[in-house]
C-alpha cells in the first residue's frame, strides 16, 4: 500500500487494523475464560441413598471452584488490561502482533495450569502444580511488561494524543507485576500462601484497577 | 487521555469502548450457549440387534434435552437483555466491567449447573442438583439487578437521550426476577415444580420480552 | 427510547442493533463449526509393531470424516445464508431475535446429530441415527423458511432499498429446502441414499449459492 | 440489490460485507487456536509419595507442549496472513467465501492432526502421524495459494488503491509455501526432520513476516 491515502482513509484504515487484532484477541480471551468451566466435572451419580452424598461430592469440588474463580478473575482483569492498552494503540506492526500472540498463547495455557492446580490441591505434590500455576502467571506478567515496553518505545504505534503522564502511571502500575514473582517464590515456602497471594491480586485488580 | 478531544471523536471513542465490552460479552455468551451441546452425550453403540435399542437410548436422554432447552433459552434471553441494556450505556467504568465479568462468570457456570441437573433428574438426589441449578439462576438474577441499579445510579454512564420513563419500565421488569427466588424455594417442596417454573420463565421471556 | 433522534443517529442505531445480533450469531456459527472437530477422536496408540496399524485406524475413521465434511459445509452454507439475509435486514424485533435463537439452537444441536451419525454409520441402527440427522436438517430448513417469511411479512425490518424482485428470487430459492424433507423420507428406504442427498445439497449450495 | 445506492453507501456496504467474513473467520481462528490447549491432558494424580513423580509426568508431556507450540504459532501466523490479505479485499463473492470456508475447515482440522502428532511422537508409528500433520500443512498452503490467486485474478474484489508491486511481493512470499511440500517429503526420510522444518517455518514466519 505505497499509495498515499488521504488522512480520513488513513484513520479508518488504522481503526480497522487494530480492530481486527482486538476482535481476534477478544475471541481468544472469551473462549479461554469460558473453557475454564469444562474443568469442573459433574460428580458421577452414585448409588447411595443418603440425601447428603451429592452435597458432600459438590463440596469436595472446592479446589475446582477456587481454581476456576482465580483464573476467571485473572483472565477478566487481563482482558480489561488488554482493552485499556489497545485503546491507546492506533497502529500495529509485526513484533506487536507476535508479542500479542505469545500473550494469548499463555492465557490459553492458563486453562492447563488451572486444571493441574485443581487436580492437585489436595495431593502431596501440590507444590509442583502451584509452581506451574504461579510460573504461568510470572510468564504472563513478563509478556505484559514486554508488550507495554515495546509499545512505549515505538511511539508511532500509539495514538498521537496520549498524555505522557498517563504512560508514566501505567509504567508504575506494571511494576506491581513483580508480586507474581513473589507469589512464585512463596510457593517454595508454602504453596497455599503463594496461591492465596495470586487470588488476592486477582480480587484486588478486579476491584480497583482504574480503566483510565 | 487528559487532552480534550472534540465531540465527534468523543462519541467515536465512547462507541468503541462499549463496543469491545459488548464484543467480549457476546463472545462469552456465544461460547457458553454453544458448549451446552457438549453435555448431551451420544449413546455408546451397543451390540443389540433389535431395531429399537438406539431409539430407547435416545429417548432416555430426555433430561439432557430438557436441561439443554432451558439453559439455551435462558442464556439467549439474557443475551437479549444484555444487548438491550448496553444499547442504553455509552460509557463504562471499572465497577461496571467488574459486575459484567461476575455476570459472565455465572453465565459460564450455568454449563456446570445444567450438566449437573441433566445427570441427576432421574436420581434420588435431584433436589440437591435442582437447588444448585435454581440457585445459579438466583445469583444471576441478583447480578442483573445489581448491574442495572449501578448503571441507573451513575447516569453519566447512560446515553444522554435515555427517556426516564424507559428506565422506570425496565426497573419494573427487573422486579420479576423475584420469581427465580420463588423457583429456588419451590425446589424444597417439589424439585420438578421449581424446574418447571424456570422453564416457564425462559419460554415466557423468550416470547414476550420487548426489545424496546 | 421515545425521544426522536435525528435520521443520522437512527441509521447508526439500527446498524449497531443488527450488528450485535450478527456478531452473536457469528460467534455461535464459528464455535459450532469448530467444535465439530472434537468429534473426530485420535485412535489410541496401540502396541502393534506392524507399520500399517495406524493407517488402518485412521482409514476406519471415515464415518467421522464424512460426517465432519457434511456438517462443516452445511454450517458454512448456513452462515453465508445468514450473512446474506441479514444484509437485507435493518431492524430487529423480539420475534426475529427469538426465531434467530431457535435457529442457532438447532445449528448447535447439529454437533450432537453429527456425532451420532458418525458413531452409527457402520452399525445396524444407522437408520435411527440418519433419521435424527436428516430430521435436524428438516427442522433447520423449516426455521430458515419461518425466519425469512417473518422478515418479508414485516417489511419495516428490511432495508428500504431492497428490490422486490430480489425477495422473489430468495423466496424461490428457499423452496428448495423441501429437498431436506425428501432426504428425511429417503432414509426410510435407504439411509445411505438420504445421507448422500444431504451431502450433495451441501456441496451444491456451497459451490453455487449466489451471494446476491 | 439492483437499486443503485450512492457511493458512500456502497463503501459502507462493502466494508460491512468483508467485515462479517472477517468476524466469522476471526471467530474460527480464535476458537481453533484456543481448543489446542484441550489436547494437553493433566496427568492423573497418582498415589506415589516421592516428590518428583508429577515433575516427571509433566516433563513427559513434552510432545504435547511441542505440538501445541507449533500449531499455535502456525495458526497465529495464518491469522496474521488472513488479516493482511483481507485488508486488501473489499468485496466478496461466492467462490471467495467457499475457498475461505475450506481454509477454515482445514485450520480446524489442524486440531485433530496436532492431537495425533502429540500422541504418536514417542510411538513407532510416528511417521504416519507426521505425514498426516505435514499433509494438513500442505493442503493449507495449497488453499492459501488458491485463495490469493483467485483474488488477484478477480481484481474487482480488491481495493482499488492496491499497489501492483505489493501484489508481486505477496506472490513471491506465497511461493515459500513450497517448503511445506518439502517438509512432507522429508517425513519419509526422517519424521523428526520434517516436523523440525514445520516448527522452524512457524517461528520464522512469526518473527519476520511483514504486515505490510
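Here are some notes:
To keep things simple, chains are lettered A, B, C and D as they appear, and every chain counts its residues starting from 1.
As a convention for this text, contacts are C-beta pairs under 8 Å (C-beta built on N, C-alpha and C of every residue); 3 or more make two chains touch, one makes a residue touch a chain.
All of these numbers come straight from a predicted model, not from anything done at the bench.
A rotation of 180 degrees, rounded to a multiple of 5, brings the CA atoms of subunit B into register with those of subunit D. Using the mean of the Cα atoms as each chain's centre, the chain most removed from subunit D is B. For the touching copies subunit A and subunit D, the fraction of interface residue numbers used by both falls below half; the interface is of the different-residue type. The mean-CA centres of subunit B and subunit D are about 34 angstrom from one another, to the nearest whole unit. Once the centre of each chain is set as its mean CA position, subunit B and subunit C turn out to be 24 Å apart.
In subunit B, the residues that reach two or more other chains under the touch definition are 23, 26-27, 30-31, 35, 38.
Put simply, subunit C touches subunit B in their complex at residues 1-3, 5, 13, 16-17, 20-21, 23-24, 26-28, 30-32, 35, 38, 92-94, 97-98, 101, 104-105, 108-109, 111-112, 115-116, 119-120, 123-125, 127-129, 132. In the complex of the two chains, the subunit C residues touching subunit D come out as 22-23, 26-27, 29-31, 33-38, 40, 42, 45, 49, 51, 53-55, 58, 69, 72-73, 76, 79-80, 83, 87-88, 161-163, 165-166, 206-212.
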